[in-house]
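Common to both upcoming complexes is chain A, partnered first by chain B, then by chain C.
Let's turn to the complex of A and B:
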């Protein structure tokens, strides 16, 4: 399915493509249905419908100078560009743009690891570098550093960070945008800007101090459309000496409240790596009576859930703890965590898990000796990229809604009830029930997950998923829970929920957009930010 | 339609041409296949290597259960180059299509050469990246 850029005819499009070929070479510009097929969002719930967004062409520069030239050409032709890094943002739109007819600015060829500094614990990379690439670079050089990787290793550290993606190690590294330090950006007029200490010629601290002097605009480029990020620095964790795990269970439903408070303390004190909450009762969902109780309208009572747990002699909640650091320190932290929680919650129990010196062996990475059921994916927990997560993907992919929930047990219970009731009208697996646990990914907050699958050959199912996504976004927002990241087809819906003071945040962004990019050259609509040209 | 064509091509090929996967998969393999093997290792193996828990391998194991078609792509001898190309450029189910900035036409030709070569010429299975790096570190210590 071909599309033309907005306000452009075929002849103008041909002239545009000619200029783009002049800038990057004829081998690196594509158009037409066949070559553009891989630029569609293959996880789209609006696949093959009028709502699907189609790019008109793709252009792949090999360096920042070519990016700048492409932006200048696009500006002359008033053509929207949609930058992608490795293009693997599946569940959130993949490589497809917000605006039909956009030209995808495919940065995959810019794949250099520019620096990894082992003594000062940082890296500087280009957008086309994947986590696989960066991991190989670090390991081949024997550098004693640990990455923090998201689920699929083919993603880009820059792309993932700009989407505010997450990983699975220590708290301040899991927030990938938060762990960045310094960026280079091509602005909508083609100028090249560096943030933080990168703005000071001769500074050797670009990846050590992110702010420089004055306002720091770096945040504008995450989920935004104010420029094309061409370099980005990241802080890295020195390879810890030792890895230790342990499981703590608590018997009663309301024990989750205290358990969360303890985990908050441990995490905010820097004592633990990623945490996985779980309900051992999840194994009971195969029993229709239990499933009916857990998904009951308005939620079951605490007594009902405690009775159900006691009947099968299972604890209500569990938490996987992980420790990274010197061997003696990880042991002391595990002992401390056990004492702290077991002395405060009657009936709490602790089981020591695998522990070993890093780097892990192949067998340790395979995670086959843990003495308890664990939701931890070992490779990700140790910063080793893989595609192991794809075992959970079904049908033709899925979309994702991950509302931000307070790190508080009562809030978790409320979210279980409200979101569980909201999804009842849809014929979908119960993403929310009385046993749904929070995800502790971002450094200081919880999220929950709603990720229904899509089916290319079942438009009715997809339409139902599409309605469900919009409803969940709206219902969550009524309770103060906002999505953290969205596909282009949902970005306006999500942006609209961040509405304090008559949407002043969005209006402020629009003012900025009008000032630096009134024609919408860089990803108009991304983040719900539309320039004047497209608002009318 | 693209997927239907690919499926039809597989059906047309039948299921009989795969018994040779028992050939010993050791050694480096033919020199002229190394480039294609690297493409396979980087782009395909993370999901399709000979590891049952990987999503691609698991999915194909289910698809071909009861047949003699192996689940690991690297062991397949029934995939002609045009079929491989269709899957690479169009994806299937939740496997997304791959762009030319990821797997260029030249890369794809090398990949096709590797995956259509006789098994004895392909040499040992490629390791997963993590395994390769761990073995390298352990070998260096």
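Let's turn to the complex of A and C:
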């Protein structure tokens, strides 16, 4: 399936391709169904339907000057560009654009690690640098720095951060956009801008002080469409000396409320790395009676759940804790966490886990010696990129809805109930039930996960998934829970839910877009922001 | 588990593909440069010297990628054959595309699946001018 850019005929398209080839070299411009196949979203629930979004061409510049030239050409031809870094945004649209016929601006050739500073703990990279590339750079130079990596490791610090993606180490590092410091951006007219201290010629603090002076526009480039990011700095964690783990369980359903408050305290005080909540009762979901109870319309009562837990002698909740730091400090923090929680929640128990000096050995990274069942994926927890997460991918992939919910036990119970009831009409595994736990990825908030699989050979299933996604977005929003990130096919739905004061946030973004990019040269529609040309 | 007979049959066929219609593959005079076997499907290593280097893994391609392919695919040439699960091939195909390579042959094998994952024999060859040998 090949598409043409909006308002353009075949002759105009041929002229556009000719100019792009002139700018970057003829080997680095692609069009036609076969060459464009890799730029389709193979995880799409609208795969092979009229709703699937197709790019018309792809262009891969080698440096920022070429990016600027490509943007100027696109502006002359009024053709939307869709910038990608490594283009692995699976679950959220892959490399496919918002607008049919867009030209993918594939930045994979700009793959230089420009600086990694061990004394000051930061890096500066180009968009085509993957987490594997950055890890190799750090490893080969023997630098004592820890990365924070998302899954899978083939993604890029820039692409991931611009999606506000997440990793699995300390709170301020696993929010990847939050951990960025300084960026270089090609604006919709081709001008090159630097944010923060990068705007001050001669400053050596670009990766240390993000704001510079005056308003900081950096946030506009995350999930936005105001420019093409060509360099980005990130803060890095000095490699901690030691890693320690421990598990805490609590017996009763409502103990989750206090447990979460303690975890909030530990996390916000900088004492713990990522935590994994779990319900040991999840092993009971194979029992149809228990599954029926946990997914009961309106949710089961606390007494019903406590009775079920007591009957099988299992605690209601567990939390996997991880500590990074000097050996003595991690031990003191574990002792403190244990005392704090066990002295406050009757029946709580603690089990000490694996602990060792960093960097970890290959065997330690495999996480085979933990004395209890653990949800921790050790490589991710220690910033080591991996492709192993692929084992969770079912069928032909999945789409993701990850509503942001308060870090509060009552809110977790409410989300379990509301979202569990909402998904009942769809023939899908129970993503939400009375044992669903929150994910603690972003620094200060929880999320839950809804990620139904798609099947290329089953359009009816995909259509059901598509309906389910839209319904979940809408129902969650009615309760104040918004999606944190969405595939292009859902970005308008999600953006519409952030509607305070008659959608003033979206209207403000549209005003900005109209001012700097009225023709929609950079990713029109991304983040639900459409310029005037496409609104009409 | 793929039978040794199937494996032998397929690896014998692979060099013949070099004479086939795929220009990129036809350019490689010696057929495959290496073979990648997914231990979830492939038989145990056999005694004796294999004709080409064989890399083994079990579903997770991380080490194969980081230790071998990531470096090898930055240079021109290198035709890789494999018998892997469809899941591992999806990952490899994506990485290959990004490095100017394509799957030029793909056959779903009529062999038992592993936890619902089908075994596939395939060849990935350089495609983009920047990596053609």
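Following the convention adopted for this analysis, the second predicted complex is superposed on the first by the 536 of 536 C-alpha atoms of A that agree within 3 Å, B and C clash if a C-alpha of one lies under 4 Å from a C-alpha of the other, contacts with A are read in each partner's own complex, and residues count from 1 in each chain.
Assume contacts are C-beta pairs under 8 Å (C-beta built on N, C-alpha and C of every residue); 3 or more make two chains touch, one makes a residue touch a chain.
Just so you know, these numbers come straight off a predicted model, no measurement behind them.
With chain A as the common reference, the superposed partners chain B and chain C clash. When both complexes are overlaid on chain A, the residue A:153 reaches chain B and chain C alike. Chain A has more of its residues touched by B than by the other of chain B and chain C. Judged by the touch definition given at the top, the superposed model places A:530 against neither chain B nor chain C. When both complexes are overlaid on chain A, the residue A:393 reaches chain B and chain C alike. When the shared chain is aligned, no partner comes close enough to touch A:243: not chain B, not chain C.
When the two complexes are superposed on chain A, the residues of chain A that touch both chain B and chain C are 38, 42, 86-88, 108, 132, 136, 153-154, 385-388, 390-391, 393.
Listed in rising order, the residues of chain A touching chain C in the complex are 27, 38, 42, 86-88, 108, 132, 136, 152-154, 385-388, 390-391, 393. For chain C in complex with chain A, the touching residues are 59-62, 65-66, 70, 87-88, 90-91, 94-95, 97-98, 128-130.
Remark: chain A residues 28, 30, 34-35, 37-40, 42-43, 58, 60, 86-88, 90, 94-95, 106, 108-109, 128, 132, 135-136, 139-140, 142, 153-154, 359-362, 365, 379, 384-388, 390-391, 393-397 touch chain B in the complex. Those residues of chain B that touch chain A in the complex are listed here as 42, 46-47, 53-56, 58, 89-91, 93-94, 96-102, 128-131, 133-138, 140.
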